[in-house]
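Starting off with a structure, shown below.
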Amino acid sequence: MAAARTAEERADLATRPGYNSWVSVLVRWLFIAVSLAFLAALLIAPVATVFAVAFSHGLEAYLASFADEDTLAAIRLTLLTAAVVVPVNTVFGLAAAWAIAKFEFHGKSVLITLIDLPLAVSPVISGMVFVLLFGLHGWFGLWLERHDISIIFALPGIFLATMFVTFPYVARELIPLMQQLGNDEEEAAITLGAGGWLTFFRVTLPRIRWGLLYGVILSNARAMGEFGAVSVVSGHIRGLTITMPLHIEILYNEYNFVGAFAVASLLTLLAGLTLVVKNLIERARAAQGR
Amino acid sequence: MSITLDQVSKHYGGIPVVNDVSLEIGDGELFVLLGPSGSGKSTLLRAVAGLTGVDHGSIALHGRDVTRVAARKRGVGLVFQNYALFRHMTVADNIEFALRVRRMRARARRERRQELLRLVALEGMDDRLPMQLSGGQQQRVAVARALAHKPEVLLLDEPFGALDAKIREELRRTIRQVQRELRITTVLVTHDQEEAFTMADRIGIMNLGRLLEIGAPHELYSRPATRFVATFLGAANLFLARRTADGIRMGAATVAAAEPATDAREHEVVAVVRPEEIAVAETPAGLGGRFIASGVVDEMVFSGAVERLRVRLANGAEAPLLATTDAAAVPCVEVTRTQHEQRAFELHPGQSVALGVRRVHVLPTPLSSFTACDASATAAAALAREPLLAVLAGRMKTRVAVRPEPRLGAADAAPSAAAPFVGATVISCAPHAAQRTEWLLRHGAAEVLVLPAHAAVPQRVLIHWMDEAVRRATLAVSASVLRHLPAEAMYLGVLPEETRATRRPGLRTLLSARAEARELHGLELRTELVFGEVAPELARRLAEAPAQMLIVGVTDLTRFAERFGPLIDAGRWPVLIVYRGDASSGAPAP
Amino acid sequence: MSLRAPSVLPGFGLTFGFTSFFLSALVLLPLAALVVAAGSMHWSDFLAVILSRRALGSYRLSFGASALAATINVVFGFMLAWTLTRYEFPGRKVIDALIDLPFALPTAVSGIALTTVFAQHGWIGRYLEPLGIRVAYTWLGVTLALTLISMPFAVRTLQPALLEVQRDLEDAAETLGAGRWYAFRRIILPTVLPALLTGFTLAFARAVGEYGSVIFIAGNLPLKTEITPLLIVIHLEQFDYRGAAALGVVMLAMSFAVLFAINLLQSWGRRRQVRAAH
């Protein structure tokens, strides 16, 4: 985040005649108190609850939650989904960013709108559209049935739905970044005789690496955590098409709170890790002066 | 008086950014605060505006003390370097802002707005948005806005910084006009000396948080009192010369001074010769008795109306000495000549010429240079590299000479060389420093600085004089030192314990000391009176806090080492002794 | 192929082609399926579905709660942004980083966690219960959940806007005689107004389609605490694809409208900041 008031500015203001009147001080503390209370109730309490409930029956019960075969299958599926979806998103993000940031052409805004679209669409709809395409009564339903290929209620459907929801993240991180960085260095490389791929790997990639990393991390977190879209396409087939978020729902509805929150704690840690990485990246960027 | 500042100080983290500034600005005057960046001038302006508080001192506007008054109640108008216009409001709304706050009716506001727009030559621009205006126009709106509520004082913080040269000139003229028409007291802050010259009624020059000199532009230019002002206001050649009964001796030549001597004795001074006051001829004869040196033309630059030359002085014992920090550098002099002079005598690089001076101005500062003195040459050279000494010499833009004295401090010995001690003599805080000091003072040194190893840059300087006779000299030396150190100045008056009942004469001396410091030497002085013995009291105050320095003036050298031994030999603070007396007898001057 | 400006750089064909293919296959095609499915319905059937009592009830909840959540986020988000940009207090940097958490946290996790906190015997619920305030299983809970997940959008839009208000402006207002409250009303608020509106719209857009974090806390009683996305899922489970598609189209239309509004607001905001006219 950009710099807030510097320490010098604050020291200056503190000495200003008439500044530290009791009204100002009151307002200041009120704001801080209300803001913190708001965050505490809405954000910190829930996160704390996750761990509180997960460990409410002790460490053993917590660890035992993961011994369950269904839970392990859910974890495996989530990891697999991320492993498939995130690389595709990354490739798409790089390609889209290259096309959009480096060239001028008609229809650019159409492309950008399409990229932003999944973010504005409800996850339920994101899942539903694939059911409409590949479901039994969908467009390709009969063709798939005849060839005995399952997309909906099977892994491919989950991958597609997750991809739909998360592909914008890498692109949205890279496009403004590459636009800001401009074409100068790449053009210089080309005129010096480098080929396209070489230029990309040696010139572009190093400059965008922090933005790329953040986009990938974020895309990963969203992919692992996606609920609505996957819920619609998965069919909830135990041991087969249940991801971690879906499993959390099942455990919760079965009143297995320790189990539900134990699985939730893993995803929460992942979210926390994402934040930490984001901050490290920002610090690295600031140090680089970019 | 429109604006009165009394010993205004502001500290940031212990360092005084504005250091005891006192100032009086008259009604309707356009006063310019001039100084390099970091000199504290903007901070001072913001303090006058009320946007930042002061740690010490008072600010009065039109006789009203506003030190603790909030900015919005002070009745000032402030113009910022980056205009600070409200971008979501039109020009009209911007200008009327102060009036809206004061709940003026729409019609009255409109009238005043028209008046102001006419004043700054922006009629018809009422409905424009700031982003639709050029930089110069935006600044005019800012001026109009600042004047809307008829403030008593107009403050401008480097208002032309963001503009092109041409626009700058136009705007300068506009502001001068507006200021004259409204007869409003104005303070302008800038680092541009040309701007200061063209706009100011009086200029106040600041450096390192201190207000160094105040005066009309041409006064400050032709008769600067300090090295800093001399070199800041324009190019200047600084020479180390000797003031004698006949005039100023520069090298082998003696020329007449512009002003009469203030001090009877012969001593080293800093002489300022502006490049345009140097005459160039083929031979010394052509200079009519004003010859000072021969040299070779090194560089020539054509600069439109003038020609700038750099002349390398011929080395030798007869050449005048330049006051530079780098002893090894080749002595060069800057000369500028008009087209007229060029046509009279054309020059080319490599040509040998004779230089003469038309006008020499002697700086009244008593510290002309430093001489590091020790028993051996290597020790003296090491002393010359002491950090505090290097800082002082660097800021004073003067050199540190090295002078080995093998018999330094020995009771019956005489100095090795016949040459007198010039400038301030510096010795280290080795054992017997007090003895050595006495020795130097008896043999002609007027100022001796005892410097402990790795002395820190002082944050406070204590000043004392043993006798009223040496007060002026001590204050002059202190002022010189304090101009180059961001330190607080404190005069400690010490009266015998018995006189505690009759304190009044003591207080009177304090006040007159402070007045003299301010008026004659441009030094802001804090004062304090204590009762007891001189040396122990001074030692006690010095021991209170780290990073201090002592300047003490004496007229009587009897039992010097005994009396001042403890202070000097303590080795924890630099001590500068100022002596004005009869050197041979050690008795006070008649 | 679209007309484009000539360029030294290679790879346009490859990247543009891949991007277009990807977007067509993954975005356009599915959306087309949605529109077609809805369009294959008879007008009367279409209207019957989207205007059924249950549907109307769900709109009221989804859009109403989203609007309320967005409003709460703008108010508290402004307070948060103000606090983070202007005040210094221990832990400020940590708090600043935490704002992004709802962005990275899976919705199901937020859902069950919030429900637990605000349930009858939850950490906060237990204090609200005696006051007669029931959060869980009511529209209040829905609003809270939506507030949580859309919070970063409001705060992160407001922070840069507040930072943009130059310090000089406030100093200028002070010297011109304005008190702090006056300066706030007349100078700061107008300057951040575009950001306030954008923040509201972004938060609203995010909240409207939310599913995962809401269904746990909502209770999902038809006509009372049923959100539109849930209604869609119910239609799907009953294999009423067309009905689901119809409702989907309504939500999509709403999303487009909001997207459009966001773009308009952003370009309006940009125009206000633009420097020289030409």
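For clarity, chains are labelled A, B and C in written order, and residue numbers in each chain start from 1.
Going forward, a residue touches a chain if its C-beta (ideal position, glycine included) is under 8 Å from a C-beta of that chain, and two chains touch if they have at least 3 such contacts.
Source: prediction; values computed, not measured.
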Of all other chains, the one whose Cα centre sits farthest from chain A: B
Most contacted chain pair (by C-beta pair count): A-C
For chain B paired with chain C, centre-to-centre distance based on mean C-alpha positions, whole Å: 62
Averaged-CA centre spacing for the pair chain C and chain A, given as whole angstrom: 16
Sequence positions of chain C contacting 2 or more other chains: none
Where chain B touches two or more other chains at once, by residue number: 50-51, 70-73
Sites on chain C touched by chain A in the complex: 2-5, 7-12, 14-16, 18-20, 22-23, 26-31, 33-34, 37, 76, 79-80, 82-89, 95-98, 100-110, 112-114, 116-117, 122-124, 144, 147-148, 151, 159-160, 163, 167, 180, 205, 208-212, 216, 228-230, 232-233, 236, 239, 241, 244-245, 248, 251-252, 255-256, 258-259
For the chain C and chain B complex, residues of the former touching the latter: 166, 168-169, 171-179, 182, 186-187, 190-191, 272-277
Chain B - residues contacting chain C, complex: 49-51, 70-74, 76-78, 80, 82, 84, 86-88, 97-98, 101-102, 131-132, 145-146, 148-149
Chain B-facing residues of chain A, complex: 8, 11-12, 15-19
Interface residues, chain B side, partner chain A - complex: 10, 12, 50-55, 67-73
